[in-house]
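There are two complexes below, and they share subunit A, which is joined by subunit B in the first and by subunit C in the second.
So, the complex of A and B:
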């Protein structure tokens, strides 16, 4: 089930997929991974993003991380960095992370209730 | 933190912030000696002696005159609560090693938690960092070297599908090892 041979096969699958999708606009989804973020569940949020992107084949979405954002009580914080602008989300549970991917990143509609305004 | 694996993720973030290109994470569970030891070593920029002093100062957390870190004092407090402690060795320009010890059976010790989730989180978003992970339980061990996997993946390692595979692979190996989870 989990052999080097499996990994090689998956590698070839991934290669074929990325070839087909080359050139799509890139959206960056940034997770705050400071101490407060991690304590509030940022690892699970990141894990949910990675899983959803893998399962939905969202190849133009890139997940990255950043450090402490100084908004500890609103962690986990996720920033969606799309061609049309940046949006900062507060208290992003895994469930919210999946919704943000579907509704905002894929659907183009921000989820206003969770957006951090300053 | 609810899991030691989350503290380890937090320590790895320090390594990454210090510009490390390699992070060595070692967990040793010696149940006969009733010890659980975690070391996180990096080849990052290291710390000046004065800095090193301040991050392990027992009164560090009570200082309010300058912005202070939270991660190391938190872990130090967790270790000291469990008949253990935290030590740091650091050399400017060479790197840093954080070592933290707990009594294995201490009632207040957080469980190790998911190292698969922690390692996957590190690998998913850090393209330039190699991770060497070793988990010993008594006389057995599981070793994971991201360089070996990167070689097999031939440039696809960052892909979410590959990261998911690696996470499941590590979780399986950890279960087979039979240590803390």
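So, the complex of A and C:
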């Protein structure tokens, strides 16, 4: 640690270590983890989300779980809570989960085909 | 990069450690591994979260769900239900003692959201054993800024302008102390951190050292630059092994990163810190005694002046501040003196950490803005008095302070107002007493402490407190005499005026303040040989009411000394001489026939 710049560079690197505890997330991705969700593979979906976030270094995203939403046959359901609103996705496989992160969360474009509509 | 979707904080302050948090944490880590969650969920050991009576405590982020009294089985359930499936376990949530409502998250708890945490900003949030977590929360930024953009004069001026005052007890303006030491001419100066926290019930300094040791290291280094010192000492008591361990680890990490040592941030400023472990004498919290102890001498105070700022450690100018005082320095540098000056009252700036104990729902550590009223601290932040009892008094300032009564519940907690109310801020101990507390016994407790801890160097403190204690002892045994209160007053005045150091001078305070506010209780002990609160055992007697006794004999069976006689279906009686006043018969009697007087 020789200069102030060294310190600030290190801080950027380690920022994520405590960021999750500060409640500053911009995007919240919620996975339905009711019995129905887990049976439909929500566990793998969640794992894929976590892995993708790590690979892409998406510091502004948090992942949480919720219970059954009542749409059991369309599980695993993933909700994206971004500044522009709330979107529910149905039958999110690990592969779909990765694409949702890339296209919707990073790219800002919802994948209309998988969205649950009234 | 590693990404953990959830951070689980396990409070590992000394309070939670003693309630078994390490086993809880082990169970949680083990269950996570079994469920394959260990790569998604990070379990972090933090410093004291502050809710010491609720331990072991766990907070799950990002949701911020707060779980209390978590056993090892509960921890496994948290892993299976909450961490895996996202289901909050309602039965482990905290219940607001006043509204009986379950509180879902940390942020919704009155205990936390009424606080303003500056000195405790990282305590209970970061892992104190990982320097990177401290750096992630702007750690060592204040030091970097000071060393590269400020002059020592500017640092002293900033601390002075902030209005920060010493948190160890006396409330002396910190900036002034820094200025005195800065202006003292010498080839060698020192910075000392007083971590010899000794007031019964006060543990904020321990919690800061355990929970955020780098905050103290950084602040001491800044102080070293400001006053022109190159060596610091932390004087910490041996009874705080966890604080010593974490501080030592933090010092090693800081040296590795170059925050301590030679040419910090490539400037020509060098500074290092050593730990000195004290043997736990209360008097060593007094600054001159503390310095003597660091020098390897007997920990005894000496008259001031000269003050340590002029002639301190080994005769060299020494800046000595308390842990909590140092914990405020980095935020003042980062956010400015103006920001700090807007918190608190006209003469007492910033926040104060109180260690709340006694008859109160949420015991633990709270940090609130100066000037918050006693009522707000007791009822709003700490959830009021348990079991529907009445507030009777609160002792502030530990064994050097005084008590505040119900009439003073709306007194603002700041340096001046507390002094005006006959008490003092002290180091922030706050002992709450309900209607069942005996004020003679309380005074005796505090005096017993100061008497025991008197170093013996000066006569008034060594012998005077002994005589006062004897009088109080007699009172609690029913041997009080007319003239005792006058004798207490006389002794108190002499001790106050003639003791060598602050500990002696303030030792009579609790007694005087309690006599002042609860004179009738003292009179009852002396004249009627009666303890109105029913605490002083020697003054109690047990009786069986003839009209209520049904002659069931339960009392006689439960009596450990066979002091109760009688025949079934007849009124039982207690033989005074044999009775040891254990209260067992009173608790057992189903008809309320046993009474205590």
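Note that the second predicted complex is superposed on the first by the 93 of 118 C-alpha atoms of A that agree within 3 Å, B and C clash if a C-alpha of one lies under 4 Å from a C-alpha of the other, contacts with A are read in each partner's own complex, and residues count from 1 in each chain.
Here is the rule we go by: a contact is a pair of C-beta atoms (placed from the backbone, for glycine too) under 8 Å apart; a residue touches a chain by one contact, two chains touch by 3 or more.
For clarity, every value in this text was computed on a predicted model and none was experimentally measured.
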| item | value |
| --- | --- |
| Partner chain in contact with A:2 - subunit B first, subunit C second, else both or neither | both |
| Subunit A residues touched - subunit C or subunit B, whichever exceeds | C |
| Which superposed partner A:44 touches (first subunit B, second subunit C, both, neither) | first |
| Touched partner set for A:19, first subunit B, second subunit C, both or neither | second |
| Touching partner for A:53 - first (subunit B), second (subunit C), both, neither | both |
| Contacts of A:86 with subunit B and subunit C, given as first, second, both or neither | neither |
| First, second, both or neither for A:10, with subunit B first and subunit C second | both |
| Contacts of A:33 with subunit B and subunit C, given as first, second, both or neither | both |
| Which of subunit B and subunit C A:64 touches, first, second, both or neither | both |
| Where subunit A meets both subunit C and subunit B, residue numbers | 1-2, 4, 7-8, 10-11, 14-15, 18, 31, 33-34, 38, 43, 46-47, 50-51, 53-54, 63-65, 67 |
| Footprint of subunit C on subunit A - complex, ascending | 1-4, 7-8, 10-11, 14-21, 23, 25, 28, 31, 33-34, 38, 43, 46-47, 49-51, 53-55, 57-58, 62-67 |
| Complex contact set, residues of subunit A against subunit B | 1-2, 4, 6-8, 10-11, 13-15, 18, 31, 33-36, 38-39, 43-44, 46-47, 50-51, 53-54, 63-65, 67 |
| Touch list for subunit C against partner subunit A, complex | 1-7, 9, 39-40, 61-64, 84-87, 107, 125-126, 130, 132-133, 135-138, 140-141, 144-145, 148, 257-259, 265-266 |
| Touch list for subunit B against partner subunit A, complex | 1, 6, 9-10, 13, 17, 69-71, 74, 117-118, 120-121, 124-126, 149, 152-154, 156, 159-165, 167-169, 172 |
